[in-house]
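Consider the two complexes below, in which subunit A is the common component and subunit B and subunit C are the respective partners.
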Partner chain A sequence: MPQVKIIAKNFMDMVASLPAIKLDLLYRNQFICEAILRSLPPLAKKYVLQMLYIDIPITSKSLQEWLLADGSSKHKVAIDRLIQLRVFEVIDRKKETTYKLNSTFQTNLRKHMISGGILPREPIPQSVTARLPTSEELDAYAHEQWECFLLQLISSGQAKKSTSFSSSMMRIFQRGLLRQRDKEAPRLTESGFQFLVCIMKLMALLPLFCVCGLMDPYTDKLNEGKIEIGSLSWPLYLNWKTLMQLFFCHFVARLFILCSDFHVLVQEQGVDQADLIAFLLELSFHTPGEAYSLDTLTDDQTTMIKDLADLGLVKLQKGRKESWFIPTKLATNLSVSLTDSSSRKQGFVVVETNFRMYAYSSSKLHCEILRLFARVEYQLPNLIVGAITKESLYNAFENGITAEQIVTFLQQNAHPRVAEKIPSVPENVTDQIRLWETDLNRVEMTPAHFYDEFPSRDVFEAASDFARMHNGLLWEDAKKMRMVVMAEIHMLMREHLRGQNK
Partner chain B sequence: MASAPSKLYADDVSLVVVLLDTNPFFWSSSSLSFSQFLSHVLAFLNAILTLNQLNQVVVIATGYNSCDYVFDSSSDLNRSFENGRMPVMCSSLLQKLEEFLIKDEQLSKEEPEGKIKSSLFSGSLSMALCYIQRVFRSGALHPHPRILCLQGSPDGPEQYVAIMNAIFSAQRSSVPIDSCYLGSQNSAFLQQASYITGGVHHKPQNLDGLFQYLMTIFATDLHSRSFIHLPKPVGVDFRASCFCHKNTIDMGYICSVCLSIFCKHHKKCSTCGSVFGQAQSEAASASDKKRKTPET
Partner chain C sequence: MPEKCGLIDIPMAQFIVNLNASLPAAHKFIIHVLDSTHFFVQPDVAGMIRSAISEFRDQNSYEKPT
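Entry: the complex of A and B
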């Protein structure tokens, strides 16, 4: 089983971890500067704005003068982040720390403030493209592609229908999220479940078409065999949409980096990480539903865009002479303001005290997710009825899903009727889920060594004292002169006994 | 009606309603030309929109006779701007502004000469509040709203009642009114508006650096205001205008029933109709004169 490590990581951490040269390269793109600015904590944004037109370094003391007394912790966070991202350059002068804006970043942001960014390509006029899909059609298309992909994630066997994902991409997703034992069907790993829960949690907050952006940042470090998954607690200062945009880009970018790790891209042309991020960010600034000519893309970008189409980010179309791509809302999800998508995506699960679960949903995806930890009994057109049983939960635990994750999932997706109540999921159910989990942990294994046939009581007592002194005594039976000692101190114990024998 | 806090975004997402003074009488006499002023403001608006994807900017032009919306970053027309094209925003804003100015000028032809050349601040303030109320009532989530007045023309005392009512309704919906006064004397209305609603009032010393003032002070979102030093009011001009002659006074008569303000003694309140007593009228008016002279 791969070692799963949960680290509070987000896109910016990843950007910050890029080497300095790469970062400077990234800042050559105005859109990235804007995206970076948007991702900063409010105070850091303020610092950047205030220093935008100041060319000389500013001392940290005068920066702090802008703050009220209780803001010093915020100041520290802001400054740390700015330095990490190399937006601020630190110049030490006569024992006083001074800061200066990164000049590439500064020039680009100034340009952006005054004249705005101009995309490298213009939409193709209506006369050439004839009829473009309506926004509803695009949404439906994007949604379908996306759900299809998620479904494939959970049950690789089931969603055979028209999954045109390149097998390489699927394999990459599976590497992190699914685990395949010999000859068994692939199963979801803990990180995979967390990923899904994350998506569901966010789905509950926002309309589905935004979901694409709701990815968890997930980095798969191939060489170390370690998976890092962003923790569920998001930094509060980031707003949802920025977060989504960045995470999504991060996710897809990461995906492509992985791709390039093993085959497709790297063999033909080494795609640069910075290029990938830049392209994705740029794409998110396009107008959804407009057609853009494929000819305007570089070769690398053309390769990427095909995979993006698989995920439902863009729709590719062919005209008589030229072909073009249409960004869907998944790609530009951020240009849609929340108010016009009015209705929040609502929860759908009702759990009763008798462990029965009713899920008002017609989505196959929901059904599959529930099936991970509950027994689905029957399905009506808009309702899934199931029960949470000991067996179904054991199944889930075996797959590495924790009780806490299940409870959170149920709480976050509670149907509005029950969501008003406190607690939204009956306490006896949540308690029982936790108890069943602890059931599995009843036996604790400790490697140990067993000693008996001591020559005399003195030797035995000395040995047991010695073990106790090293905190290694697990059990002893003074009458029969036996004891069990933790494996760690076995060597020490042997030395000790040998010393006694002489 | 203040909205439930749960409907607000928890962080620094803001809706800024900018009231733009377009009074030609002021701009013809100002040291900063109107076009320079606009370029500062446009960059500022762009900066606000850059700061956060969800930030929203609405611009209302305050003319001499009328006021109107000239820009709304959330409307469909400007959608393409959100995707990073500044020129679209500029051109649509400038075009609307020009149309507005022409209309405003046509209205002003029949105006008599000799009165204070103030702009219709009360009208634009009410429009801003209406817009904010609409935002409050629509949708599940909305940004933190605030109003920014960029005003240069002198106060029009005849608008006193309307402005005060608007200020109090802003206070009730907890919408801060920030004000940046660009004219020569300071404006009592703006000072009071910012003071009552908890906004920031500032009068830039050097108008050439307007952009930096705007960025440093007025780009601060409500979330950050709790930990950033902002200009504090030094002394607020609390003088009111009387209801009878619309003069600004620092001492006058107040109706004990409806709190209407008068500069002279009346037999009857013109607002609520209550009959005033006659006693001490002469003594009061005499002392009133005495006190008034040293002040002005």
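Entry: the complex of A and C
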């Protein structure tokens, strides 16, 4: 099955890419409707709310009358998004486009607004659960699970504790993110590397905020002032929650998109993709830190919850009679959809012009990532020393990692002391990385066919234009009237030439 | 059977011509020399050409003994 190359930027994009039938099924769940509503751009939210109780379609002209003069680009973005998510249904009638809210969505959102949305489960009272993990313990657990999982991804031998990931989970990731050749340890593919880099970007944000004293990780409050996130004036704080959630979004998006087999696999387990999304979104409305009984889950959900626990989304615990799960902050922030935050992050890599690399980090994950393309020489408590060599780069290229990715990674993670310099990574290093990559690809081969002995120049020129139109012309010699055409259009070419002969 | 057209830089092209010349007549793979950077070759030699190139590249690199 070919890998799907669309990279959804977040969970909502991925939801938007589901087929219409699935989306309609999803909209039967009130929580999903609310989650989708929250994820919309502000103008789109306004439109949805205004049309919530209107049953007849509204012409797009009247919609535009609601706008101020400078709002037309935002209007377009909002409308596109609504159509993409199939919240708006477009009805073309006699040259006038009209919009109507998706009826399932409309009904359920109305219900949700009136009834307030009651979760299918109540938290278990304290008397049964005794001592629940504190907020810090939960966060530490989630973080640990997540790092463990990422380490597992890169190098199966190195994770500190043996993970109990179900084989199907590992298969999913291995298909999309790792590649395993016979008898070798699994290695990362290009998309896997991209994924890792993305995660790293986001994880790197965490220590910055804690260290700067800007954020108290335990109470999730910014010490100074407030920042408004999203359009609704949530009393939100740019905080650990949202950051973790950001990278979780990326993770889930890639989980579904990169591994187009996931759908198949998920169905192998008998779990429908839409159900999984529905469950994840429902989870996001639970209170983190509260225990919910496992008995309230459907069979499908019980299958899923084990894997979610391995990823740090929930924590499973057993009491004397009951077992329950506790959602962590990773899970509860799924419905918050933010645009990519552009905050500066703390880099840690210094690259010198002699190709030596110093990475001020103690994270195993960082070490593994650097090992992918550089030769790590020493590892000190707070420093990783390495060198970028031809052999290490060839290794990386063989795994499908491109020079561009490596250079971007180095530039984006440049240590603050060098980050201000232009360029943050020495040019001789970046140039050499690119040169080494092209060195591997000095010869390019394409299956092709050779044509010569054309009866006349006109026929030759017609044929050459034909080939060019189909993007199939590889080489031609006008003087000797010879040309080489891609094998893919060979059949078309033959027919064209036969046509010419008549 | 589609034959392959190679796009190469000039030094590499020379290398390939030499490689072709060094092989016995039965194994010669260049069908047409199109110009200084393009060749039309037999279909199944791609792997062989690439391994010859990588051997050539390895001969040109020095790795410090660790």
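In the analysis below, the second predicted complex is superposed on the first by the 316 of 502 C-alpha atoms of A that agree within 3 Å, B and C clash if a C-alpha of one lies under 4 Å from a C-alpha of the other, contacts with A are read in each partner's own complex, and residues count from 1 in each chain.
Rule of thumb we're sticking to: a contact is a pair of C-beta atoms (placed from the backbone, for glycine too) under 8 Å apart; a residue touches a chain by one contact, two chains touch by 3 or more.
Fair warning: this is a prediction, and the values are worked out from it, not measured in the lab.
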{"item": "Partner chain(s) touched by A:I422 [first = subunit B, second = subunit C, both, neither]", "value": "neither"}
{"item": "Subunit B versus subunit C, judged by how many residues of subunit A each one touches", "value": "B"}
{"item": "First, second, both or neither for A:I21, with subunit B first and subunit C second", "value": "neither"}
{"item": "Touching partner for A:I56 - first (subunit B), second (subunit C), both, neither", "value": "neither"}
{"item": "Which superposed partner A:I114 touches (first subunit B, second subunit C, both, neither)", "value": "first"}
{"item": "Partner chain(s) touched by A:D70 [first = subunit B, second = subunit C, both, neither]", "value": "first"}
{"item": "Which superposed partner A:L43 touches (first subunit B, second subunit C, both, neither)", "value": "first"}
{"item": "Subunit A contact footprint on subunit B (complex, rising order)", "value": "9-13, 43, 46-47, 50-54, 56, 74, 79-87, 89, 135, 138-142, 211-212, 215-216, 219-221, 223-224, 226-229"}
{"item": "Residues of subunit A that touch subunit C when the two form their complex", "value": "390-391, 439, 442-450, 474-475, 477, 482, 484, 487, 490"}
{"item": "List of subunit C residues in touch with subunit A within their complex", "value": "2-9, 12, 16, 31-32, 34-35, 38, 40, 43, 46, 49-50, 53, 57, 61, 63"}
{"item": "Interface residues, subunit A side, partner subunit B - complex", "value": "30-31, 34, 37-38, 42-43, 45-46, 49-50, 52-53, 65-68, 70-71, 74, 112-119, 236-239, 241-242, 245, 285-287, 332, 334-335, 337-340, 342-344"}
